[in-house]
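I have placed the structure first, in the form of structure tokens, so that the comments after it can refer back to it.
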Amino acid sequence: MPDPAAAAPRWALHPDRALPADPVTRPVARQILDATRNLPIVSMHGHVDAGVLARDERFDDPASLLVVPDHYLVRMLVSQGVPHDALGLPRRDGGAVQSDPREIWRAFASHWHLFRGTPTRFWMEHVLVEVLGVTERLSAATADAAYDTIAERLAEPGFRPLALLDRFGIEIIATTDPASADLADHADLAARGWGERIVPTFRPDAVLHVDRPGWVDDVALLGDRAGVAIGSYRDFLRALEARRWAFVDAGARATDHGHVLADTTPMAETDAAAVFASALRGDVDPAAARAFSAHMLFEMARMSTQDGLVMQLHPGALRDHDPHVMAMLGHDVGYDIPVATEYVHALRPLLSAFGHHPNLRLVLFTLDEDTFSRELAPLAGVYPAVRLGAPWWFLDSPDGMRRFREAVTDTAGFANTTGFVDDTRAFLSIPARHDLSRRVDAGFLARLVVEHRLDLDEALETAVDLAYGLPRAAYARQTTTPDHPHPPGA
Amino acid sequence: MPDPAAAAPRWALHPDRALPADPVTRPVARQILDATRNLPIVSMHGHVDAGVLARDERFDDPASLLVVPDHYLVRMLVSQGVPHDALGLPRRDGGAVQSDPREIWRAFASHWHLFRGTPTRFWMEHVLVEVLGVTERLSAATADAAYDTIAERLAEPGFRPLALLDRFGIEIIATTDPASADLADHADLAARGWGERIVPTFRPDAVLHVDRPGWVDDVALLGDRAGVAIGSYRDFLRALEARRWAFVDAGARATDHGHVLADTTPMAETDAAAVFASALRGDVDPAAARAFSAHMLFEMARMSTQDGLVMQLHPGALRDHDPHVMAMLGHDVGYDIPVATEYVHALRPLLSAFGHHPNLRLVLFTLDEDTFSRELAPLAGVYPAVRLGAPWWFLDSPDGMRRFREAVTDTAGFANTTGFVDDTRAFLSIPARHDLSRRVDAGFLARLVVEHRLDLDEALETAVDLAYGLPRAAYARQTTTPDHPHPPGA
Amino acid sequence: MPDPAAAAPRWALHPDRALPADPVTRPVARQILDATRNLPIVSMHGHVDAGVLARDERFDDPASLLVVPDHYLVRMLVSQGVPHDALGLPRRDGGAVQSDPREIWRAFASHWHLFRGTPTRFWMEHVLVEVLGVTERLSAATADAAYDTIAERLAEPGFRPLALLDRFGIEIIATTDPASADLADHADLAARGWGERIVPTFRPDAVLHVDRPGWVDDVALLGDRAGVAIGSYRDFLRALEARRWAFVDAGARATDHGHVLADTTPMAETDAAAVFASALRGDVDPAAARAFSAHMLFEMARMSTQDGLVMQLHPGALRDHDPHVMAMLGHDVGYDIPVATEYVHALRPLLSAFGHHPNLRLVLFTLDEDTFSRELAPLAGVYPAVRLGAPWWFLDSPDGMRRFREAVTDTAGFANTTGFVDDTRAFLSIPARHDLSRRVDAGFLARLVVEHRLDLDEALETAVDLAYGLPRAAYARQTTTPDHPHPPGA
């Protein structure tokens, strides 16, 4: 058998990839894409570690950069029988796992065919070809050559994290940080002049769900950071407010909330205080914990009306579906599964209270595309506070993004969406994700143009909005109050 | 900066708008559209006020005709920060709101870009260009000129309501009228020869939901109209039956029912009577009220088997999502939000009892497109009584209508749908809505033809059915009984 | 009026039917289809009667072969007012129904237009034109000629059931057989050399739902077949295990489970035993019955880890929606309606226990396409045991299959699907269904190619996988144990 790699043409990205193919629409889509392809990247929600940016060290190796931490990739390999251990996922019991990055890379490369038709394929092709200069399509046969090419590239100074921000044209990137984060990396970056470009995001999940293991310790840590000895629910609110202002001072634009339910029903303050006190004593009732989480979403919105932080809500993921995998490997290894999510009743308390407040911006995400036309677009299409985030996670694909535009534009238009939000921990794939989004939006807008539902000048302007203007505007802090007031609760 | 309006080409509607763009499908779609574009309009469900038609006065001004009452339009402007007051929506507290129609029009025109990609854009473009002769694309710069053009047009005799019926080619239009309507406007119109062309629709919602504010008074009014002193549940049924026959005599073809749930579970008569009696005394339990509403849907179907009125069911809108807006502005200002809707269990009692009855025609609508393929098409594809109405409200768009055909045709075919039903209170947009529907259906049928799934002669015949034959047939009164029997309950 | 049949061109199937029409995509789709059109048919889930194959007699007549047993067809005719009696559906009360097959055929043929745009139209056209040689489009006018052509064909030896397996290129076909089946027909077929080509499927529904009428008798019959006197829950498990091994010995690859819910929550053994004992005494609580059904799904998975039978789950059909029709005509006459189905919580017990077991293969089907992207693809995209079956029943159509690929490929890829599974009792339509599936997949893959999301060589390889390789692999018995061990429970 001849070496297939030898015969293969040089691996390259087609300039028209992910654009509609019909000969009437494609040239229009290309023209629209031309208006956005070189715009800066606004990356307002992601999971790149602030420490990685602050330390600015070279990345270790291809596997630990591209394979091990990417749960999209890990889950697909596992689904086809590749053991977690072979992919080098660290075990919580310290058991031996594959530690040779080249072997891990081979396990991935030899299963490249599994990713056909998936967004991982699209992103990774961009990363390998465009960012890293790999020249042969990935396979068992070409795995080692690709590994060597990547390793070489990662050794170059131009591939350190901060240099990549420039290479990628990232104008601003937001990290995600727990409420008790010390923000030292951000302070460090700010001191070096990166403060406007790398900003934190306030994510208080750990302290809002009183039934999470370790909650008592997390609350204590929150108090330490805030300089508040938390003995009561009032102290707790005061500490949260203080921390939010600390994040504002560190450049934060937004908060982020991961709840299974979108419920925002407030509790009476005495009831909330009782649940909190009880939880501090270690006594947690599941129903009370759920009610408290919902209540705290309402409180977060209230605080946003004071400090202007944009509120992002990411509901509907049932985390850690397999408890054995969770026990062995921990969170974020591919076992979070979407569930049906209800927004209309759930958000009614929050929106009735703050849906017209000039300082609230609520960005809604979903894993349940049934809610696109039924719930999300109708809510965003009337409440001034609401914007729809980009298709999230399992929906962040060419067809998922197309279905999103087709389903929400009727009722929400374009202006009630945030434009693209990438939400990734795969740093090198950020340009690929924005590129794909610009292509899909170009294709959608082109269809409107060739169906004479939109004029070309409007489509061009809208494309720029979606790629750049809307994310910048959506994640501006929404406040008429001065930038550094005394925290209201202090 | 040059005046953009000055440079702009004359505003015009493209003849191929909303047709598929690919060069194989478009000519076939055009050919199919040619078969329907000039067919009369059958408008069997809408919210044009019978009084407007009976008085036949000239419309006041562009804003009060096109902006203030259009909740699609109002909600989009509000979602982007335009206050309700600036749009002239009357406040229930009598507080001052914008009263200059030109200012209201400017608020709309200057936000024209918000409607890109929405059906409002499509409809309004048709209204402005085709019906009213506006010649420049709407914007802040062109607002006044458009206003003047429209105002001039509205002053012409040919733009009075009844003249528009002719101009629009409306063969028949149904209004929506409460169960206690005196139908005087319809009597008046009938006396002037319009009785076959303008017909009422029986909408008893106000008296079927015993927990609605004002229910006791509404029941009393119903009794007055029916000539029945309503002291019991039996009287109530008798009054409803009498009113339905009065509507039949006034030309009605159909009833219409807006319930949050599609539930049709009947109650024992004694239980229903007890809930009714209790409610008359002002004592209403929410669960009992819901059960009574469901029971009354069942009763409405039973009555339809006697008087042959087509029964329309519009479930799944949570009305008045924001209670503060409701308190300030009342109903129908854009705050009705769809919720997930269940049909299979909910309709089982009704369909088991009457689903094969030759006198029942049940037309189902939905705001939850998840039910298209899962529930609605399977029900319509087996029960002779059931027809699927057109995509409703938030789904009445190019992509919404396409998804409807793609999802329901497999199992329901075309003949189990009603063809197009416009459901609008925006009188001037009726032709635009039918035009759009004919375009989308032409595109869908053309795709079947070019994919060799349907012959062209079949597609042409089906297009005519969808535009004209099916709505005429679906809304024919379904009865083998004589036209004016004694009301069964009398 | 001229005879339309006389003027009509010869009825023929277009070679490009169901392929995308745009001029860029179609040639690529055609090229991909060329790679699969002549592959053998792997038909691993269907409802062809083993007795029909074993007896190998000629089919009676066109109506009893093609109309009476086809519930897709019957339901559409009924929905437009054709009475069941006119279609010859046997009544349980023995009442007279149409018994002249030619009259039944005419009722169908004269309503041919109802099937426009439906998959029944597509399949039936293939059956009539390609398999049976009908030359004029079906209508009232051509009904008799078509009837005669078909009747003539059915009289030929080449149209007996086993000959058709060759004509159709069916490499293997699975029947569906109750747990208590004697498998005599399969033994007979095996003795004649058909054992590798015609295999049974173990379907224990009748004995897993303790609230089904006749359950006690069915359990007794199960015991008889298994040679186990079933007096307890333990006996019951032992009998099921024995029967499963009997099916394995008869060549079975799979089990099949039709439950309304996908729930797999196990019970404590003592609780299960108590429900079973109570049910044997005729004392059945509905909630306990539901819990027992869920528990038994869990047990079936456990048994699959021992005997390696592939487990198929078909949830979400509410059977016999109209109880009067059920009383008059029995099951499977078109009144099964899909309901919303939840998989994520429901399957968690089963998948936590066995989702990574090397001997479990769980094939999931759905009637609720909302679950495609939200639940099914995420589950199949991580658990090694899970595969997604093909779009089922109401979704087994050109657009349904396209939506399936568009929704699941992002997260599940191709390899986590089974490829095509036809699931039909309409024997003559099997080639049509596989042909359609290959066309739709060719169109989907071609779109990926022309959008430069997949290389052509990959698309060609994937098309062959979907048509042939994946169904063969998915339905291989998953076991590392020897083929004929002692049943574990014996």
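Order of writing sets the labels: A, B and C. Residues in every chain begin at 1.
Keep this in mind: contacts are C-beta pairs under 8 Å (C-beta built on N, C-alpha and C of every residue); 3 or more make two chains touch, one makes a residue touch a chain.
Quantities reported herein were computed from a predicted structural model and do not represent experimental measurements.
A.B. asks: Superimpose the Cα trace of chain A on the Cα trace of chain B, which carries the same sequence, then give the rotation angle to the nearest 5°.
C.D. replies: C-alpha superposition angle, chain A on chain B: 120 degrees.
A.B. asks: Any idea if chain B and chain C meet via the same residues, over half in common, or different ones?
C.D. replies: Comparing the two copies, chain B and chain C contact each other through largely different residue numbers, since under half are shared.
A.B. asks: At what distance in angstrom does the C-alpha mean of chain C lie from that of chain B?
C.D. replies: Centres of chain B and chain C (C-alpha means) sit 40 Å apart.
A.B. asks: Residues of chain C that touch two or more other chains: which are they?
C.D. replies: 22-23, 370
A.B. asks: Under the touch definition given earlier, write down the residues of chain A that touch chain B in their complex.
C.D. replies: Residues 22-25, 342, 344-345, 348, 351-352, 355-356, 370, 373-375, 377-384, 386, 405-407, 409-416, 447-448, 450-455, 458, 461-462 of chain A touch chain B in their complex.
A.B. asks: Mind pulling up the chain A residues that touch chain C in the complex?
C.D. replies: 13-14, 16-23, 75-76, 78-81, 113-119, 121-122, 137, 318, 321-324, 334-335, 337-340, 367-370, 394-395, 397-400, 403
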